[in-house]
Structures are given as structure tokens and as C-alpha cells.
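You will see chain A twice below: alongside chain B first, and alongside chain C after that.
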Partner chain A sequence: MSALLEQLAPEAALAEDRYADIRRRAHQRLMQHGFPDLKTEAWKYTSLRLLEKRELGSGQGESAGAPEALPFAADVIHFDGGVLRNPPAELPTGVRLEPLDPAELVNVDYGDRAGAMAWLNLARFEQAWRLVIESTLERPLVLALTMPAGFATAVHPRLRIDVATGAEAVLIEQQHDEGAGLVNIVEDIELQRGARLRHVIHRRNAESIWVQRTRVSVSADADYRCHALELAGRLVRQDLAVHLLEQGANGEIDGVAFIDSGQHVDWHTAIDHEVGHTTSREAFRIMADGSGVGVFNGRIHIQRGADDSHSDLNTANLLLSDKARINIKPELEIYAEEVTASHGATIGQLEDSALFYLRTRGLPTEDAMALLKFGFAAAPLETAEPEVVRNWLIEELQAVL
Partner chain B sequence: MNQTAQQVEKVIQQRYKAGFYTDIESDRMRAGLDEEVIAMISAKKDEPEWLLEWRLKAFHHWQTMVGPNWAHLNLPPIDFQKIHYYSAPKQKDRPKSLDEVDPKLLETFDKLGVPLHERARLAGVAVDAVFDSVSVGTTFQKELKEAGVIFCSFSEAVQDHPDLVREYLGSVVPYTDNYFAALNSAVFSDGSFVYIPRDTRCPMELSTYFRINARDTGQFERTLIVAEPGSHVSYLEGCTAPMRDENQLHAAVVELVALKKAQIKYSTVQNWYPGDENGKGGIYNFVTKRGDCREDDSRISWTQVETGSAITWKYPSCVLRGDRSAGEFYSVALTHNHQQADTGTKMIHLGKNTTSKVISKGISAGKSNNSYRGLVRMARRADNARNYTQCDSLLIGKTCGAHTFPYIESSNASAKIEHEATTSRIGEDQLFYCRARGLDEEDAVAMIVDGFCKEVFKELPMEFAVEAKALLEISLEGAVG
Partner chain C sequence: MLKINNLHVVIGDEEILKGLDLEIGPGELHAIMGPNGSGKSTLGYALAGRDGYEVTDGSMEFEGEDLAEMEPEERAAAGLFLAFQYPVEIPGVNNAYFLRSALNAQRKARGEEEVDSMNFLKTVRASLKSLKMDEALLKRAVNEGFSGGEKKRNEIVQMAVLQPKLAVLDETDSGLDIDALKLVAEGINAQRDGKRSFLVITHYQRLLDYLTPDRVHVLSDGRIVESGGEELAERLEAEGYAFLEETSEA
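Then we have the complex of A and B:
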């Protein structure tokens, strides 16, 4: 792995700008810990060896062209080839986009080797942006991140999103990668008191290694809801941690991943109840077909003193082929009293009886299976808001099934 | 503190009843661990050359390993050179029958409620009693022999049935398995050996009672149960230790082998000294238990009630190798004061149509931490395998922790896995209801906890179920404050 360190984070390549000290510190931490291997608990089921096999070039990638059009009106900020080439001429009312103040990055800590990719991001990012949503947005705001077919380098986008007190927004991350490089994203989202964020992640990759770490902080009475449609790729690792910081905070995650041959998707979610009177709910589903591998780790952590917290996690998974694999670990870590926390997890296959029923109604086997798969996978998306976004997600899902 | 917590706190303050020490002259080996000590243990037991070689191989392997750190435990480093690896009560010759056993020893076991002598007849359970590093006696040997069952101490088995021991020792838990299994393989001193011949139903319950008595010693016993095709055995295990301020290490290995259509039921009531209310002293209980359903239609069932030990680290597992084989795990783990328990099971489904069921109940009180850690793995070949897992945790008080870490891995598209877990506290409404029916708070809590654990207790043999229930009530005394 030391060769990998040298390849991905050559010290000489550290850019000399106002973030230089921050990059150097991150570089040192990365060199100190190294990359995770299968003995690192958080990476038990996902190997980064693929990174070693890739010869990733350096420098900014090419432009990927315009992102796919959406069937509803939205404001789009386009990270073309992983970077913001031209800051949008006009942003919707109530939205600001500015370079991130280096002071915000001085004390960040990603721990040991489990956080190596985040350290790598901090050591190698080219741009760091701060997006501020100051008031309620009328239309969904789309962060489109597209990578072209010839993409074979490494990009490390970095973004911080602040949703101001009382503001409401629908934020869509539309991620589309046709290349075979490394996309290593770190994003921090903060919801101030009473804010509401509907966060949608729609991702479709080809051969790239896609690692994304999303940390969400939710203040008093704020409401964070995430809907994810993961259409997989060669190797995808998503960490999504939701921290409920003050009373009345609510965090919800609904997601579905559809994985096919030669694809590996690893979702690690964590919901951390740091104080009492907070609530959370999570439902995540994986369908693995061909030789696809799905990993889901859902952690609920209720800290000491966070009494009267309530949390529920449910994960249902379908293995659709003999060669597919699914590994899941729903975790509960509870240190408080007067809480209710529960999780349920299943791994199974399409029910023969349901299939039989549909066939007796005259549906060919393939259609019947597609219908059942769709019924299974669409459930977590049914709660997405607003309706136009929900319909879009469901149509996207239908298209791949 | 609310009423429930106060009440539970009150219940838990009860003293550890098995905490006495037996003043008996003992033959103790020097502290420390090296090849010489291992050779001395082997020589004391007059072991054949191959066994010494096996011990040394295990020792050399252990030297290359580092202690694990992944469990959810706060474990201070253990100085393995300060432990005495062998301590046995002094006696001139090996007693030929229980009449020759030192009365002090018999008195000790009597005090612990273990029927070794005349009461044994009434209890109808064959007992092998292990005191520190040696077995002091085994009851009902004659009756068992008539049925063809071998039930004796491990040392005797090495002498009398060396072929059986050699065939099965380390076949389920090899010495390379983990850090403490390697240590145990190097220094194990005694334990129990059970062999049930083909198509035999063991005529009575078999039981081993482990007692740690001497200071600064560790107990490293090994249990090996082999059930030939069509046989059935139910085995019980109990354990206690004196109250001391120092921690003592107990690192056992249990291996079960179930051949075609054989059934093994293994029940444990673990009541090692848990340490005082400030977390001082207590046993470190690091045990490797594994059953191998080696052939078709075999069944292994683990039932455990864990109330003792400062730190427990134990995952009784089933390797479901034979087609249609079945594994079960029923567990109640109660932690109080500063106890830490990281326990659960592994169900490895290799054969077709294999089934497993896991019911785990954790109760945390005081400042304790109680974790369920489990693995269910469906291998590629495990067509139509089924697993059902249920883990429930009960929290009593604001300073304890209850955790669940289930690993679920499936590589077979026809396998089905279901897992559910809940964490909650004793409800005010439940308590109120019981009190409205005239129960005092302690009884109400005991009744609710008993109900919470019922699914597990019903799996225990009668004698153990009564003991387990009483033990839980004692352990909980003072927990409702």
C-alpha cells in the first residue's frame, strides 16, 4: 500500500495555496495511518486493492459535457469533471456559493486508517466550496457531478453545505460517471435550527472507484431526509453519518441499491443520537444480481444521556443470482435509558408463491420478476418529496429493471 | 433516579454467594509461561509424546500472535508471565473413587450445591468436578460405562482413550484458531471428555463443574464431546470462583462433534466472580466454544446463562457442515456494576437445507456494557438454508450500555436470513400493572425479567432452569433502586 500512497498522494504534488498547511497536515496523517485493508473493521467487506491496480494519471480531467436533463424545473450547479469550471452566472435567490474558508478545515479529524480516503481528500483537493442555502428554495437545487468516458485520473471534490435557520430545500446530487478513475468526495452538511433538507442522491457509475463521505449535522427541530438511488458501478463506497445534535432533530435515510455483475457497492450509514428527544428512521434495500456484491452497514448510536431517543432501522435484501453476495451489519450501540431502538434485517430471494401468483394472472416470468423486483426496490423511494422528484427516481429505477 | 431504576439498583446489590475460598494445600507450578512449564504440565499428566508436541506447536504459534482488540471491551493488558498455569489440590495418589477424595474438596462442592456424593444419587446427574487445574472426581462412571458412554476427566481420557482424543482434539477448534485458543492448547490442564457411542441416548444428564480456587492462577480447561451417529447427549456446565481483588484468567476451549443424526445439547450457567461494585477483581472469561455438525441431520444446541465474570468474551458457534443439520443458540447475558460482556454466536451454514435459530437476551444494569456479536454466514453451497435471529436488550439504569453487532453474510440466492433486534427499558406501565396486582417492585422486576428471558430458560434442563432463574434474581437484586 505504500506504493499506492506515493501514487495517490505524492508529497511534491501538494498545491501551494492558502490551503497548503492543511494539505500537508492531512498528508502526514495519511502517511502515518496508511490505507485500510480487510482487517480494518469499517472496510471488512470492501477492498481498495483495485486502486493499486489502476494507473491513475494526474491533473484535471476533461469536461463531460452537460449533465442529463431532468424532467422537472430545477437550478443546476455543475461540477464538470469533478470541478466547478465556471461558477454559475446566476444562482437562485437565497443561495450563495463561495470558496471554503481554510479556518474551517484546520481542526478536522478523520481518525485512523478507516478515514484514510477522507485524509486523502484533504491532502489532495483542488477546490473546496461552501454552499449556503439562506432561505426556502422554490425549486430543487441540483448538484450535478459528471465524469466523462475518458476519465482516468483522481478527483477529490470537497463541499460544505449550510442550510440556514428555518430554510427548506430539496437538494439533488446527480452523479454520473462514465470513466475509470477515482472520485473521492467529502461533503459536510449542516442544518441549522428548524431547517428542512430533502437530500436526494442519484448515482450511476461505470468503471470508476467512487468513494464519498457525507457528514450531516442536524440542529434543534431540524429535519434531514435522504433518499438514495444507487445504480452502482465498479466500486462504490458511501459513508453517510447523520448527527442529531439538539432536541427535536430528526434524521431519516431511505435508499435502494441495484447491483449487477462486476459491481461492488458498500453503504455505511451511521445515525448518532447525541442528545435526547431525537428521532431517526432508516430503510435500506439492496438487490444483487449477476456476480454483484452488496454491503450495508447501518449503525444506530444513542449516546449517554440521550434519553427519550427513538430509532428504527430496517434493511431488506434480495439475492437474485447464485453468484451474487450480500453482507450486512445492522448495529445498535445504546448508552441511554428510556430509549426505543430496533432493527430488522433480512436477506432472501423473490418469493416463488408471488411469482406463481403473477404468472397465473397471465404475466410472462420475466415480466413477473421485473414487477416483483420493482415493487421491492421502489418502496424506499415512495416517501421522496416532492412528487416530481419521486416520480423521476421511480422512473429511473424502472429504466434499469 | 426514577423508581424503576432505584428498584433495580436495590436488587443488584446482593453479594456473590460462591465467593468463599477453600484453604487446601496445593501443588502449584511456578508462575510464567515457557516451554519448560508446558513440558512440566504434560509430564505431570504423564502425557504421550504427540500431545506434548501439539502443545508446543500451539505455544510457538501463540507467540507469533497478538491479542485481539476488536471486541467491544475495555481490557487492561494481561501479564501472561505472572500467571500460574497449574495448581492442584495435594493428594498422594489419584483417588480411585469419591470416597478417597479429600473431604475438604467434597465440602466445597457441597457448599456450591454440586452433588458429588450421596446427593448425587438423588439428583440423577453425573458430575465431573474440576478444581483449579484438575478433575477431583466423576460420578456415576459405572452406570455410564454400562451404557457404553465415556464420561471422564480429560487427563483420564488421554490415558484410557488416546486414539479418540487424538482423532478429535483440535478438529473443531484448531490451535491456530485464535489467541486464547492457542494459549489454551498450549497449557490446558484438565476438563471433561464425553463419548456417546452409536445409537445411544445418554441415560442421564452429564455435568461438569469448574471451580477456580487458588490465587494468581488461570484455569485452562478443555472439553471435548463426541456424539457418534444416532446418539443423544445433554451436557451441563457450571462455574464459580472466590471473591478476590485481582483479576483471574479463564480461557477454555469446548469442542463438540456431532456425527450423522446425533444431537448434542450443551447448557451453561456461568457464574464466575464478577468483581465488586467498583469493578475491582473478577474473572476474565475468554472462551472458545464451537460445535461441528459434521454429518447430515445432526443438531447442536447451545444454551447459556451468563451472569458472572468481569469480562466475558464468548461466542458458542455451530459449523453446519452436514446437510439438514441444525444449530441453535439461546442466551441470557446479564451484566451489572462494571461487568462487560461481548457474547453471541456464529452460525456457519455450509450444508444444504441447514437451519439455525438464535435467541439472545441481554440485560444491562449499573455501569456495565453488554454486547451481542454474532455472525450468520450462508456459504455458496448452502441451498435453502434458513436462519432466524432475535436479539433483545433490556436497559436498567442510565449508565449502562447495550449493543448489537450482527454480521450477516449470504452467498446463496436460495438461503433466507431474518434478523431482528430491539433495545428498550422496563416500562413504567408494565411495572405499574404488576404493582397494581399487589406485587412489590422487586418481585415485579424479577417477574418482568423472567418473562423477558423465558424463551431461553425453557431450553434449559429442569435443574438448571431453576438455578438460572434464582441466579438472575440474585444478580438483579438492587438493580431497581
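Then we have the complex of A and C:
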């Protein structure tokens, strides 16, 4: 893997700006640990060998043009080709966007090789932004990240998002790749006391290798809810870690991934109850067709002393072909008392009896299958708010079935 | 309308229907009775075209067309409907959406225009009301969490919306209390217009009290062993299926 290090993080290429020391330190850590391989537990089912095979060029990619229009009113910040080329002339009331203070990055730690991609991001990022949501937003805020067809380099977007005390927002990550490069995102989201964030991830990729590490910190009485519509791509790895830091914090993840031939999607989620009187819920569904591969690892960690915490984790999965594969692993680690934690996990196939039933009502096989798939996959999206966003997600799902 | 001739149906290696003959004319309502395991549901599934129900001999003709040559959805579009003995739950699929998709799929196959949403809703609502079903069921997933009786009545709602030429009702009366039974019978009678035909599979005579069948058949071990008028149903009710052996021995 050292050739890969040389290719992805050549020392000479490190830019000399106010983040230079931070990049150097990250680079050293990366050199020290190397990249994960299949023996690295967290990367057991997802290989980065594709990265080695690709000769990614360097330098900023091209512009991807405007992101797809949304069927509702929203404010958009466009990371065009992975970078913010033109900071928006005007931001909605209550939103601030500024370069991230290097001091914020001095002590970050991504651990060993399992965190290599995050170290790589820190070693190679061009831009680091801090988005502050200071007060309740009137309409959804969209972070559009689009990669154009010719994209064959590596980008390492880095973003910190703060939702201020008591503020409420709907934040939509609209991610669309048409290229064949590497997109390696690190984002940190912090919800201050009583804040409420509806976080939507909508992703539809082509050939790019897409690695995204999202860490969410939830303070007292704050409420974080994620809705993900993962329409997959050549290789997607999403880590989503939600840390419930103070009493009254709530964290919820609802996601669905639809994976087809030539696609590999790996979602690693972790909800960490660090103190008591915190609640969480997660429902994740994977549908894999063709030779598609899906991985879901859902970890619930209730720490010692986090008494009176409640958690529910459910994953249901559907194999649509003989060649498709799905690996799921719910992990419950409970070290506290007076805790309720439930979990369920299933992998199944479309029911012949249901298919026949629909056909006897006149639906051709294709339509009947689409309806059954939709019935299965729409459930995690049905709790999305507001309604316009929910309807959009459901229509986007319907369009690919 | 329906002409079944010497029908043999095999599931796996087992022959279930062993030379069944049945003819139903336009506007007629026939009843099939018979002991458990005699092949009643198998007949329904074979007519509807379920995978694994292999027709090894004989024929099924529906309005002059060979059913065996048609896919289940083609049979539906041609006007054949099967009310399932055990209606299937379709998680996550909204009942109203399902009904409208089904109706439109049939109309499309017949070269007709899509149904107008207002008219559609009106038909569905009227039918729900006549079956004393809560309109909220439209927003629920198909059959999911429905009580046994609601599932059966939901089959009749589907029939009312899809307006088939021939409806095969497989024990739609089982598990219904007397009030629900009457509603189902009314739902069927409301569809009788002298042209539509019905094949009512039942265990009990009580449904037939409300339906006045043109013919009653007794199915036993994969064959129709007895046919007659309404009085046959009464006799079965009174004597059970025991007399079948006597007749076949005689």
C-alpha cells in the first residue's frame, strides 16, 4: 500500500497555507498506520484495492454544472466538483459559512488504519469549511455535491456544521457523481442544546470511490434525525457515528440502500449513548439486485453509567437475485443498567405469493416487482419531514425501481 | 364464459385435480362445495395461473381463449378474478395505490384509458361503505394488520373495483360472522347483472342462502362427483359429505 500512499498523498504536493502543519501531522499518521485491508475489522467486507488500481490524477477537477433542481423551495450551497468555487453571494438568514479555524483541527484523532481515509482527508484537503446554523431555518438548506463525468482525481471535502442552541433546520446532502475518481469526505456535525436537525443524505453515484465519514454530536435535549436514500455507486463507504453526549439527547437513523450490479455499498453506523436518559432508534434497509453487494454494520453502544437509555435497532434486507450479497451485523454493546435495547435483523427475498397476488390483480410481473420493492424500501423514508422532502425522496426511490 | 374439460393439475409429483369438468355460462352463479383437501383452492389457483400448478391434461377455456396460454395478469385483464382463501399481505403498499395501479394496468392491457381519480375514489368509497369497512383501510398497506374478516371483505372491494367478468371466490365466507356474511353476499349480488359470472367455493350452505346459485357442484378427490340445484347444498349441509361414498359406490 505504500505506492498508494505515494500516489494519494505525495509529500511534495502538500500545500503551504495555514493548515500546513495539520496536513503534515496527518500525513505522518497515515504513513505510520497505512490503509486498511480485509483483516481490518471495520473494513472486512469492503476492499480499497480499487483505489490502487486507479491512477488518479491530481489537481482540482472540472465543474459539474448546476445540481439537479429540487421540487421544493430550498437554499443551495454547491460544492461543484467537490469544492466551493464561489462562496454563495447571499446566505439565508441564520446561516454563516466561514473557513474552519485551524485550531479546531490540531487535536483530531482518527485512530489507526481503520481511520486511514479520514487521515488522508486531513492530509490532503484543499478547503475546510464551517457552516453555522445560528437560528431556525425557514426552508431546507441543501449542500449539493456534484462530480462531473470527466472526474478522475481525488477530492477531500471537509466540513464542520454547527447547529446553535435551540435552532431547527432541515439539511439535505444532495450528492451526485458521474465520474470515476475518489471523493473522500469528512464532516462533523454538532447539535447544541435543544437543537433539532433533520439530516437527509441523497446519494446517486457512478464509478467514483466515495468514502464519507460523518460524526454527529448531540447535546442535551437536542434531536438528530437522519434519513438516507442511498442509490449507490461503484464503491460507497459511509460511516455515520452519532454521539449522544448529554441527557435528553435523541438520535435516529432511517436509511434505505438500493444496490445493483457492479455496485458495492457499505454503511457503518454507530450510536453511542455516552450518558443516561438518552434515546435512539435506527431502521436500515438494503435491497441488492444483480451482483450488487451491500454491507450494513449497526452498532449501538450504551456506555457504563448511561442508565435509563433506550434504543431500538432494526435492519431488514432483501436479496433480489442469486448473485447479490448482503452482509449485516447489528452490534449491541450494553454496559449500563435500566436500559431497554431491542434489535432485529432479517434477510429475505421477494415473496412468490405476494408477486402472484399482485399479478392476479392485473399487474405485469415487472410492475408487481417494482411495487413490492417499493413497499419494502419506502418504509424508512416515510418518517422524513417536512412532507415536501419526504415526497421527493419517495419519488426518487420510485424512479429507480 | 368458462369451459373446463377433463382438467388434470399436478403440484410437484402429486396429481390434485384428476379430470375435472365444469361449464359456467354468462350471468350464472355456480357453487363448488367439497371436503377439505379435495382440490377446491387448487382449481382457483389453476384458473388464475399460479406457478407450480401444472396442467398436464385437459383444458380451461375462458370466453373461447385457452387460459393455460395466458399469464396471470393477462387472465386478469381478460376479466378473471380470484378472491383468495388467504389474501396476501403486501407490506408497505398502500391499498388505494395498489387498487388504482391494478385497475389501470388492466385497462392499459385492454387498450382503455386510465381511470379518472375522482371516479375511482367514488367507486372505492361506495364499495367500502356498502361492506361497512372503514375508509382508513385505503391508507393502510394491503391486508397488513387487517383482521381475518377485513381481509375477506377487502377481496370483495377489489372485485367491485375491478369488475371482472368471472369471479372465483375461494371460501370468502369462511371466518365471517353472519352480518359480514350478509354484506359479502350483497356485494356479490350487487355485481350480478345477467352477464357477469361467479364461481363460489364454500364449505357451508349459509352463504348460498343469500346467493341463489344456478348450479351446485360437489368436488371430491379432484373431480366433480355430483351436480345439482340448490337442494344439493341443503342435502350436504344436512348429511355432510358422507353420502358421497354411498353415491359413488352405488
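Just so it is clear, the second predicted complex is superposed on the first by the 401 of 401 C-alpha atoms of A that agree within 3 Å, B and C clash if a C-alpha of one lies under 4 Å from a C-alpha of the other, contacts with A are read in each partner's own complex, and residues count from 1 in each chain.
Here is the rule we use: contacts are C-beta pairs under 8 Å (C-beta built on N, C-alpha and C of every residue); 3 or more make two chains touch, one makes a residue touch a chain.
As the structure is a computational prediction, the values presented were derived from the model and not from experiment.
In the superposition on chain A, no contact is made by A:383 with either chain B or chain C.
Judged by the touch definition given at the top, the superposed model places A:398 against neither chain B nor chain C.
Look at A:353: by the touch rule set out above, it reaches chain C but stays clear of chain B. Within the superposed three-chain model, A:58 lies out of touch with both chain B and chain C [touch as defined at top]. Put chain B and chain C next to each other and count what each touches on chain A; the higher total goes to B. When the shared chain is aligned, chain C comes close enough to touch A:364, but chain B does not. Touch criterion not met for A:28: it reaches neither chain B nor chain C. Within the superposed three-chain model, A:261 lies out of touch with both chain B and chain C [touch as defined at top]. By the touch criterion defined above, A:93 lies against neither chain B nor chain C after alignment on the C-alpha atoms of chain A.
On chain A, the surface touched by chain B in one complex and the surface touched by chain C in the other have no residue in common.
Considering their complex, residues 5, 70, 378, 380, 393, 395, 397-425 of chain B touch chain A.
Per the touch definition, chain A reaches chain B in the complex via residues 41, 304-305, 307, 317, 319-322, 324-349. Across the complex, chain A is touched by residues 48-51, 71-73, 75-77, 81-82, 84, 87-93, 98, 101-103, 105-106, 109, 141, 158, 162 of chain C. Residue ranges of chain A in contact with chain C, taken from their complex: 351-354, 356-365, 367-368, 371-372, 374-379.
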